[in-house]
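Given below, in the form of structure tokens, are the structures.
Each of the two complexes below includes subunit A, the first together with subunit B, the second together with subunit C.
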Partner chain A sequence: MTPLLDITDLSIRFRTDDGELRAVDGVSLQVAEGEVLGVVGESGSGKSVTALTVMGLLAGDAAVTGQVRYRGADLLTMDPTKRRALCGPELAMVYQDSMAVLNPTMTVGRQIAMVVRHHRGGTKKAAMERAAEMLDLVGIPDVRARVADYPHQFSGGQRQRILIALALCCEPRLLIADEPTTALDVTVQAQIVELVRKLRSELGMAVVWVTHDLGVLAGLADSVAVMYAGRVVERGPVDTIYAGPRHPYTEGLLRSLPRLDAAGERLTAIPGGLPDLTQPIPGCAFSPRCGWSTEHCTEERPDLHEIETLHASACFRAAELPAGLPADPDEPAVRPVEVMHR
Partner chain B sequence: MGHRAVTAYVIRRCLQAIPLLLGISVIIFVLLQMTPGGPMAAGEGAATQVSPEQIARLRGRYGLDDPLVVQYFNWLGGVLTGDWGSSFDTGRPVLEAIGARVPVTLQLTVVALVLSVLIAVVVGVFAASRQNSLVDHAATGASFIGLSTPSFWFGIMLLYVFSFQLRLLPSSGLTDLRARHTGFAAVLDQAEHLILPVAVLSLMSVASLTRYVRSSMIDVLGQDYLRTARGSGLPERTVVLRHGLPNAAIPVVTVAVLALPELFLGAVITETIFGLPGMGRLFVESADLRDYPVLLGILLIAAVLVVVSNLLADVLYGRLDPRITYV
Partner chain C sequence: MTDDVLVRASGVGKHFPVRRGVLRRTAGAVRAVDGVDLDIHRGEIVGLVGESGSGKSTLGRVLLRLLEPTAGAVTFDGTDLTGADRHVLRRVRPRMQMVFQDPYSSLNPWMTVGATVREALDVNGIGAQAGRDRRVGELFDLVRLDRRMVERMPHELSGGQRQRVGIARALATEPEFVVADEAIAALDVSVQAQIVNLLRDLRAELGLTYLFITHDLAMARYLCDRIAVLQLGRIVEIGPAADVAERPRHPYTAALLSAVPLPDPPRERARTRLVLSGELPSPAAPPPGCRFHTRCPFATDVCRTQEPVLTSESSGAVACHHHNELAAELHAITTGS
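Coming up: the complex of A and B.
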């Protein structure tokens, strides 16, 4: 079966003052109908840029190569008008809330109704009904009165729900959620995740959930793709990856998560930061931060390879990972940092 | 936003305007007195047959020999009771003299403002949505030229080309004095007479408003909510016009409304070039004669217009932007 979304060898480059920046470098991802794929990585790993590219919303001056097939048709070579028409009923995106993501001078009801009416036709009144229905569905209280309110009259969590209502109003087949819970406090975050999970099972849509928080994905995603410096470094079913990460970066991300069953322990952060993406990286981009790194890692770039069914890693030492790092007092795999468990 | 809040806001702003207008009245009164010459300057010249006694009698009649403070309060008292004095020149009451000239100026400025806004929005939005294209550069260049062209020169050039060379449009006045038009023909005739004056008067405001619309629109086009609208599958036209324009309009409306007193001022030059019987020309004529009551009347009306435009701009701002509350 052809996947719903099939990204092959996607590269995205931006011209900057420091030279060409490779934001995304040969990424391949597949999402099946109804599947929930989590895309994880820290800021600058290329995950949001990838999401925007699928939606066709990337700012003009990026050089994009590769293929982004949606139900077999390549979005990158498609006529822009046709592609735009897919947004809404086929592809939809939930953006991270900020004051500027919703139009500040239009009531939220109208913003949703406008999209409904464009894609489905019908009367203004019917579109407004649908908008109210969607806002009710995502849990906005007192919908009748609040459809006529402006974005600034809602709380951050409510605005995030409104953005979800806007994305879902035309029942898309694929929902791309770009850090929709990042700005929210933990209880609201859990509510939003629960909401998307519920709506997903009701509507049967596929979801790409972009986040830097592996924890959010645990109960939500079917599979996970971990991105680092514009490349996918590990991918596989969510349980497999949580139980046995096969890339030191994934392992580091998991270690940096607070755990309820290990309260009081120190959290470990991955030392260092992302490499300069305007400079060529001959070997593995993670090697400067990696405790497993060998000379080989700095000379040759490891490609993503399958280590077991459906589970792939871009690490030369993927097979050794489950056994743990051999004790080496000079080079600890992870260094404890002063972050107390919350 | 309740109507009550808006009403309360407007009332409070009007009250605040009272001391401001009083201050302005003092300044214009004093400044006029400080200008060299005076209403009797022509009579005081050597080659006239007006005797010094006659001049003294006239000065006494108009109260010009009273102390300045007395003159000011006499005038202010009159203004507040509806008697703005009489023209030194014609003896007509000031309000009547101005009232007779207002319709022409009003017509000129309102037409110029509406036209400026229309052209600026169309050109500005078009240029912004095709930023750095040929059209955009052409629009930016044209508005730059428009801003730097003196209106008296532009007016004379238009007269030269359209009236004297091409003989397409009338050169002066508001109506064709040789033909007595009635009904629709009269309207057409007047419209024909207004084309060149409106073009001259709008030049500056079109140019500056176009730049405002363009930069405001470019700013809005980069906002995340336009990306949201695009990502919802709305066509670009809808995105720009329905989501973008209302937001881009907010700062532009302020500038456009504040252009009203500027246009009013511009009418002084335009009406003089094209011989239109408006308030602007009345001002120039009265200035020549040092006709203090008329000058004061026009200046005071201009001051009120500035205050009212500011208030209007603020109220409109609040109506367009739901995030603004009147405090």
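Coming up: the complex of A and C.
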């Protein structure tokens, strides 16, 4: 079956004062109809840029190569008018910063109604009805009165839900959510995750959920792709990724999460920070921060390879990972947080 | 932990007037913090958790006397800060410091990060002029930053590095008490662990006392000795971190805990949640009775009319009319079964 979204060998470069920056470097991702894919990575991993590329929202100075096929058609080479028509009824995105997306001078009801009329036509009255229905669906209380309110009159959590209503008003086949809950309280985050889960099962919508927090994805995703320094370093079914990660970065992310159900042993932070993406990286980009790193890792770049069905890792030592790092008297198993350079 | 109280809040309230109309008449008050009693012992880490709008940040600022309380009193090491004159405050201020949420906006973008840390020494006249640069270097060592970074500008640093600078600046005056207000919220998960471990190590090395303000209960449980849960300006539960996180006695605490995702997909999918319905009531018009009753699934008539008081229990305190009957149920919700 052809995947709904098929990203092949996507690379995105930006010109900066320090030289060319490789934000995304040979990323391939697939999302099946109705699937929830979690894309995890820290700031600078390329996860948001990848999401923006799917929506065609990258700035003009970005050099993009590769393919982004949506139901077989390449979005990157598609006629812009045709592509724009897909946004709304087929593809929709929820952004992190709701205040920057919503028009502050227009009531939320009108903003949603405008999108509905643009894509579906119909009367203003019917579009407003639909807007109210959507706001109700995402749990805005007292909808009849509140459709006439402006964005600033809502709380942050409510505005985020309004963005979701806006994205969902044309029942898209694929929803892309870029850190939609990062700025919100855990209680509101739980409500939004619950809402997306419900809508997904009711509408059969596929979701790409971009986040830096593996915790959020646990109850939501079917599969997970972990990105680091512009590349996918591990991908697989959600249960496998959490129970048996095969890349030291994924393992590090999991071990740096505090757990409510575990007593207070020391959290294992990943030492250091992201490498400078304007400089060439000959080996594995994660090797300077990796306790498993060998000389081989600093010289040659490991490619993403399948280690079991559906589960792939870009680590030379993926097969050794489940056994744990062998004790080496000369080398501490987890490197101490060391001095960090850019 | 000794019984030596470093910071004490007694009946602390902070009400902000709401002004309306052209004449800016006072038309009511936002009761951001309302009747809070809290003792923070020397060397202790107290976590202050709650949703946005619960009054966490306001309480933190009142304890540092960055805001004057409108009711009650705050004492620091026996000195009453309420209504204290500037001479007293000038003496006390270096002993209490703050680490801010956003390491992007809390550092001066036009100053090198070394100069930012040095400014704290200059302003407070700490040490001889000549020794201050060396002291900046020591502070960078203390927060595990390369000394060569003193010449860098904030934009050249990563979020985690910037937050280390923020901590170095707070430690410049050799404070005893540090309020960390959502100090890790803006950072990536992998970096959050670095900063929290640093805070933990610094407490051991320097004997610091913290108020750790966060909305992340899992992190509070990891770092803190005790956790206080704030809801609409009131402490609804307080106790040892493990007790609060594992055996919550207030439905609000249980709801917060049940919203924290478990990084374990099969358990997370199977989990039954205590989902709060309704919106957070406005602190300008808190509901009568228990302030949580509009969102509480266990609310009864008494909750709608009578405000529960914070009552001491074996190891902590809780403000809920029904905490005894609910204990077993709340425990089940927390463990996700």
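One rule holds in what follows: the second predicted complex is superposed on the first by the 326 of 342 C-alpha atoms of A that agree within 3 Å, B and C clash if a C-alpha of one lies under 4 Å from a C-alpha of the other, contacts with A are read in each partner's own complex, and residues count from 1 in each chain.
Here is the rule we go by: a contact is a pair of C-beta atoms (placed from the backbone, for glycine too) under 8 Å apart; a residue touches a chain by one contact, two chains touch by 3 or more.
Remember, predicted model here, so these are calculated numbers, not experimental data.
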Between subunit B and subunit C, pick out the one touching the greater number of residues of subunit A. C
Between subunit B (first) and subunit C (second), which does A:A126 come into contact with in this model arrangement: first, second, both, or neither? neither
With the two structures laid over each other on chain A, which partner does A:G252 touch: subunit B (first), subunit C (second), both, or neither? second
Of the partners subunit B and subunit C, which touch A:Q191 in the superposed model: first, second, both, neither? second
Looking at the overlay, does A:G156 come into contact with subunit B only (first), subunit C only (second), both, or neither? second
Just subunit B (first), just subunit C (second), both, or neither: which does A:P271 touch? second
Is A:M106 contacted by the first partner subunit B, the second partner subunit C, both or neither? first
Touching partner for A:C87 - first (subunit B), second (subunit C), both, neither: first
Have a look at where A:M78 lands relative to subunit B and subunit C in the superposition and call it first, second, both or neither. neither
Once the structures are superposed on A, label A:H118 by its partner contacts, choosing first (subunit B), second (subunit C), both or neither. first
Subunit A - residues contacting subunit B, complex: 55-57, 81, 84-89, 92-93, 95, 98, 100-106, 114-115, 118-119, 150, 152, 163, 166-167, 170
In the complex with subunit C, residue positions of subunit A that touch it: 42-43, 141, 155-156, 158, 185-191, 193-194, 212-216, 218-219, 221, 238-239, 242-243, 252-254, 256-261, 263-264, 266-271, 273-274, 337, 339-342
Which residues of subunit C touch subunit A in the complex? 51-53, 144-146, 156-161, 188-194, 196-198, 200, 215-219, 221-222, 242, 245-246, 255-266, 268-269, 271, 273, 275-276, 278-280, 334-335
Sort out for me which residues of subunit B touch subunit A in the complex. 223-225, 227-236, 238, 242-243, 246-247, 250, 320-323
